[in-house]
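Once you scroll down, you'll see the structures, which are given as structure tokens.
What follows is a pair of complexes built around chain A, which joins chain B in one and chain C in the other.
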Partner chain A sequence: MEKDKTLWRVAMLIPPLAVFGILVVWPLFSSFYYSITNWNGFSADYRYVGFDNFLQIFHDPLFTRAAVNTVIWMLAAVIVPTGLGLVLALLIDSQVPGASVFKSIFYLPICLSAIVVGQIWVWIYQPDWGLLNTAISLVTGGNSHFAWLAKPGTALYAVIAAWSWQQTGLAMVIFLAGLTAIPADLIEVCHIEGASSGQRIRQVVLPLLRPATVVVVALGLINSLKGFDILYIMTGGGPFNSSDTLAMHMYNESFKKYHMGYGSAISVVLFLIALAIIFAYFRQLRKVDEIYE
Partner chain B sequence: MSTLTLKNIRKSFGDVHIIKGIELDIQSGEFVVFVGPSGCGKSTLLRMISGLETTSSGIISIRDRDVTHVPPARRGIAMVFQSYALFPHMSVADNITFGLRLAHAGKDEITKKLAEVADILQLTPLLDRRPKQLSGGQRQRVAIGRAIIRNPDVFLFDEPLSNLDAALRVQMRLEIASLHQRLKATMIYVTHDQVEAMTLADRIVVLNEGRIEQVGAPIDLYEHPANRFVAQFIGSPKMNFLAAKIDVVEGRQMAVADGMAMQLSDEVPAQPGEDITVGIRPESLAIGGEGRQICQARIAVVERLGSETIAYAGVDGQEELLSIKLPANPQVRPGDLVPVTMIGQRVHVFGRDGISIRSQI
Partner chain C sequence: MNDRFASAAMPSFNPWQAAIFVCLTVLALLFLAPTIGVLLSSLKTTEDIALGKLWSFPTSLYLDNFRTVLADPAIHTYFLNTLLIAVPATAGSIVLGILSGYVFAKLPFRGSDVLFLAIVAGMFFPPQVILIPLFRLFNGLGLLDTLWPMIFVHIAMGIPICTLMMRNFFATVPAALREAAIIEGASEWQVLTKVALPLSLPALAVLSTLQFTWIWNDFLWPLIFTQSDDKRTIMLGLVFLQGQYSVAWGIQGALSLIASLPTLIVFLFFQRYFIKGMTMGAVKG
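Moving on, here comes the complex of A and B:
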């Protein structure tokens, strides 16, 4: 009887494990393998090159550019949605009129795919009839035709704005859950002890939101590291690689320039960065548990 | 001097009336306990005094100052919560001095007051710890410390011992009592535990359905309950109630029921044939012995508590089991038919409306 149960459990586990193995584990180890070859993605004729691909990273100016852009992208793509999400959560939690309606509206963008969000913002940034230029023209009384996505100085930041618009809702919802978890009597102590709103937020609410903040920041970092699709649809890494991130650079090297071996080496670097973030996240979570659990 | 005055205090949530006109004066240095069953409004009343709950109508005065619409921080109160309400990210010292730091008190003043409070509550070795590193009793002492350091006109305690285990509750009860004696502060304490109320209070306020049933010293409430509600709420095990009628036998007023007859030592203002309820405390009953027999009862359950035994016995014609407080190890077993006798003449008589006609002692 017990043996039958075990067999049944194993049988039920095989399909999901097979899917996970084929779609996650196999490509992961393939990347490690191809990163030490000069494979072009098609030919069966490729050879082992040792760590040449990794050494090439240090001599690739486009990699350096993509790495700098990735740092800017990750910092902005974490700080902006986290900050805005926190402010929105505090406002909604303070029971402003129509709070539940605003909550739904702000959360809506996270339900859309990055491709849809990217396309919406491509239209918003459209130089001739886009919403942004139209609004600027109306406010200034001029005739704005600025090509937000075509200028190296603004392209990356324009995508960051679109990304933040989508991700803020997620941060807001996590912070709202964190605010709900704060015991009401701790806030009542603040009222009895005479804390002003600012003192209450600074000294009590924000520290008590630390568990939620750790989750928001970690999710933001990991999501931003994966942030490829929105960049692909809005700028494709351009103009002149000005919005190229490591994920974008990896794609361009692997699938546009057919340097699959080098692209795999970049993907291994990205994987290690993600791994470091996840380790840091779990360390923070353990610290938070020590205080708050 | 009166520290706190409540004048016709009412609280409603829509059509639901929670507090229905409370009138109360609390003197300086008094320890007053609000007691009552769950949902009677005792915590709501305390929260209204603290300012955490608004008042629908009526006036709350602290030291002759109308504070009905004054924010909690400016009422001169401090509150200790059931859940301790300590900030988990702050040390014990920071929790205690939270209010002083908010008010930008000087460092020397904070250090001095913290040392005093920590000394009173024996928290000095724990000042650097976080709440998570403390036991339940220590956490409650920190919460009390945060209240003491404010030097308030009135201390408010909202069921502060409910989260503690039985042994710790007894210990903390003693600590709160000695703290009151030491500080001589006005304290209002909410509990549903009548033992806490009896042991701590100078005066008990018994609340039921948003109204005060009776206010008085613990022993007054025990000996002279104003009605059935107070009589059954104060005292453990609770008072026995026996349905009976007034009868006059040989010129003497009696309470009679099926299989039961009890002579009332003093006349009560009731006519023969009138329905009454006789209230007898379990400690006023015995099995056999020299007392006056009032009825026969069949033992249903025997609870042996070590220092005493509680026997529960059924009486013909009565719905509820009679509880009888007996010495440590009596020779009674479930199923025994025993004579129930009265020790002394301590009987309470309640009319059909539940109001005490007279307590007879």
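Moving on, here comes the complex of A and C:
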């Protein structure tokens, strides 16, 4: 019986583990290896360069730029969709008529591809007839033709706005799932005890939304670290690298300049950041589990 | 939606409720504006848009943009390529997820929790981390500029989410059901295919919608792995055609809409599964 079980375990685990091992785990470790070589992507002739690629990181102003932008991007991408998603979830959960229609509207952008979202927002920022300039002209009565994506001062934030538009729906549904998990009796007690809506939300609902918040923040951090497609189509990292992120920089170094060794070193940095987030995330989840058990 | 607040005596008109409704309506219109803009642009001529008439309601139904896009043979190729990738990759990742999910849920062993967590963690890493070695692997196999790398990579990248969902779903199948079948002389394979899977159709629906949407919308992998026009997927093709129709904004709008059509249909009809998948995958990570 136990022997049978072991056989089935092996038989059932080999196909998924083999595919995952060959196409995910092995490449991950190869990245570490390439990061200490000067491979150019094609030639068989490359050699070991030790930590040169990692040292180069400190002398690469574009890397510093991309790293700072990535931090800004991650912070904004966490704060804006999380805050907005929470507000929307609380509003929708208040038994407002048409709640499911509202939910669908806010959720719709998440099923669009980042490419389409990027393109939509390129139109919004279009200098001559884009929605943003049209709206500003209407409000101020002037004639606004600002090129939001072509100015180093605004490009990054313009892309972050588009990103937030897409990600807010995801945060909202996770908060809504968290709200549904709050026991109805607890809310009833609040009403019986005469707590105001503000008190109820601040002292009962928000603390109970902690697990959902952990998930939303972790996903926000991870997704923004991965963010590439929307930048690629909206700015390509420009103008003058002003909206470059680490993911973008890694792509440019590896597949535009064919510095695959250096590109691998950047990907190792990305891996370490992701690893730190995942660790913190799993630990938080465990803590949350302990509270509720 | 839920009636948790209904127990508190609700007056027929609640000013708070009205305020919330107005608030949500304004936000919803703001949220819809970008999408409406694309829809409007796809129904207008380039001249109209350039003259600043984009944001006015179209007076007549102008469908030439859609005709141009639908008649473009390149679009047909992009659609076909994307389907040829998305369908087998969705199926493949779900099949592999069923296998590993079943073991983790019903046949746990020493260390299986750690292995499970390690696989699930794979969901969170930026794809850039494995880009270069995979490029080299497929180059060595002579598979660059074919559809195969995308199929393989999407199957592999789908394993974490499929394993997670199937394990969570199989965990809800009562252990007694499996034991009874085993005592009757069924093998684990029969338990999986005849008992557990028929009970898991909702999970399969969730995973199919999620995986299909992600793979359809993917951009990075075909960007790295393909070169020729007849191997492009729809999202890559979209970026390429943007150059070709650079100032034809109306055509670009129609293009975006048509490229999003399959995922919009999935969203409209399977929204429940889609949202469930997103929250399940996230909350139980």
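By definition in this document, the second predicted complex is superposed on the first by the 269 of 293 C-alpha atoms of A that agree within 3 Å, B and C clash if a C-alpha of one lies under 4 Å from a C-alpha of the other, contacts with A are read in each partner's own complex, and residues count from 1 in each chain.
Quick note on the criterion: contacts are C-beta pairs under 8 Å (C-beta built on N, C-alpha and C of every residue); 3 or more make two chains touch, one makes a residue touch a chain.
Model, not experiment: these values are computed from the prediction.
Applying the stated contact rule after C-alpha superposition, one finds that A:229 touches chain C and leaves chain B untouched. Applying the stated contact rule after C-alpha superposition, one finds that A:191 touches each of chain B and chain C. In the superposition on chain A, A:199 makes contact with chain B only, while chain C stays out of contact range. Here chain B and chain C are compared by how many residues of chain A each touches, and C touches more.
Shared-chain residue A:30: touches chain C; no touch with chain B. By the touch criterion defined above, A:212 reaches chain C but does not reach chain B. Applying the stated touch rule to the two superposed structures, the overlap between the chain B and chain C interfaces on chain A comprises residues 188, 191. Interface of chain B with chain A (complex): residues 50-52, 71-74, 77-79, 81, 83, 85, 87-89, 98-99, 102-103, 130, 132, 146, 150. In the complex of the two chains, the chain C residues touching chain A come out as 1-8, 16-17, 20-21, 23-24, 27-28, 31-35, 37-38, 41, 49-50, 52, 54-55, 96-97, 99-100, 102-103, 107, 109, 117, 119, 121-122, 124-137, 139, 152-153, 155-157, 159, 163, 187-189, 213, 216-220, 223-224, 235, 238-239, 242, 249, 252-253, 256, 259-260, 263-264, 266-267, 271, 274-275, 278-279, 282-283, 285.
Note for the complex: chain A touches chain C at residues 4-6, 8-9, 12-13, 15-17, 19-20, 22-28, 30-31, 34, 41-42, 88, 91-100, 102, 104-116, 119-121, 123-124, 128-129, 131, 134, 165, 170, 173-174, 177-178, 180, 182, 184, 187-188, 191, 197, 211-212, 215-216, 218-219, 222, 225-226, 228-229, 232-233, 247, 250-251, 254-255, 260, 263-264, 266-268, 270-271, 274, 277-278, 281-282, 285. Of all residues in chain A, only 183, 185-186, 188-189, 191-196, 199, 203-204, 207-208, 210, 290-293 touch chain B in the complex they form.
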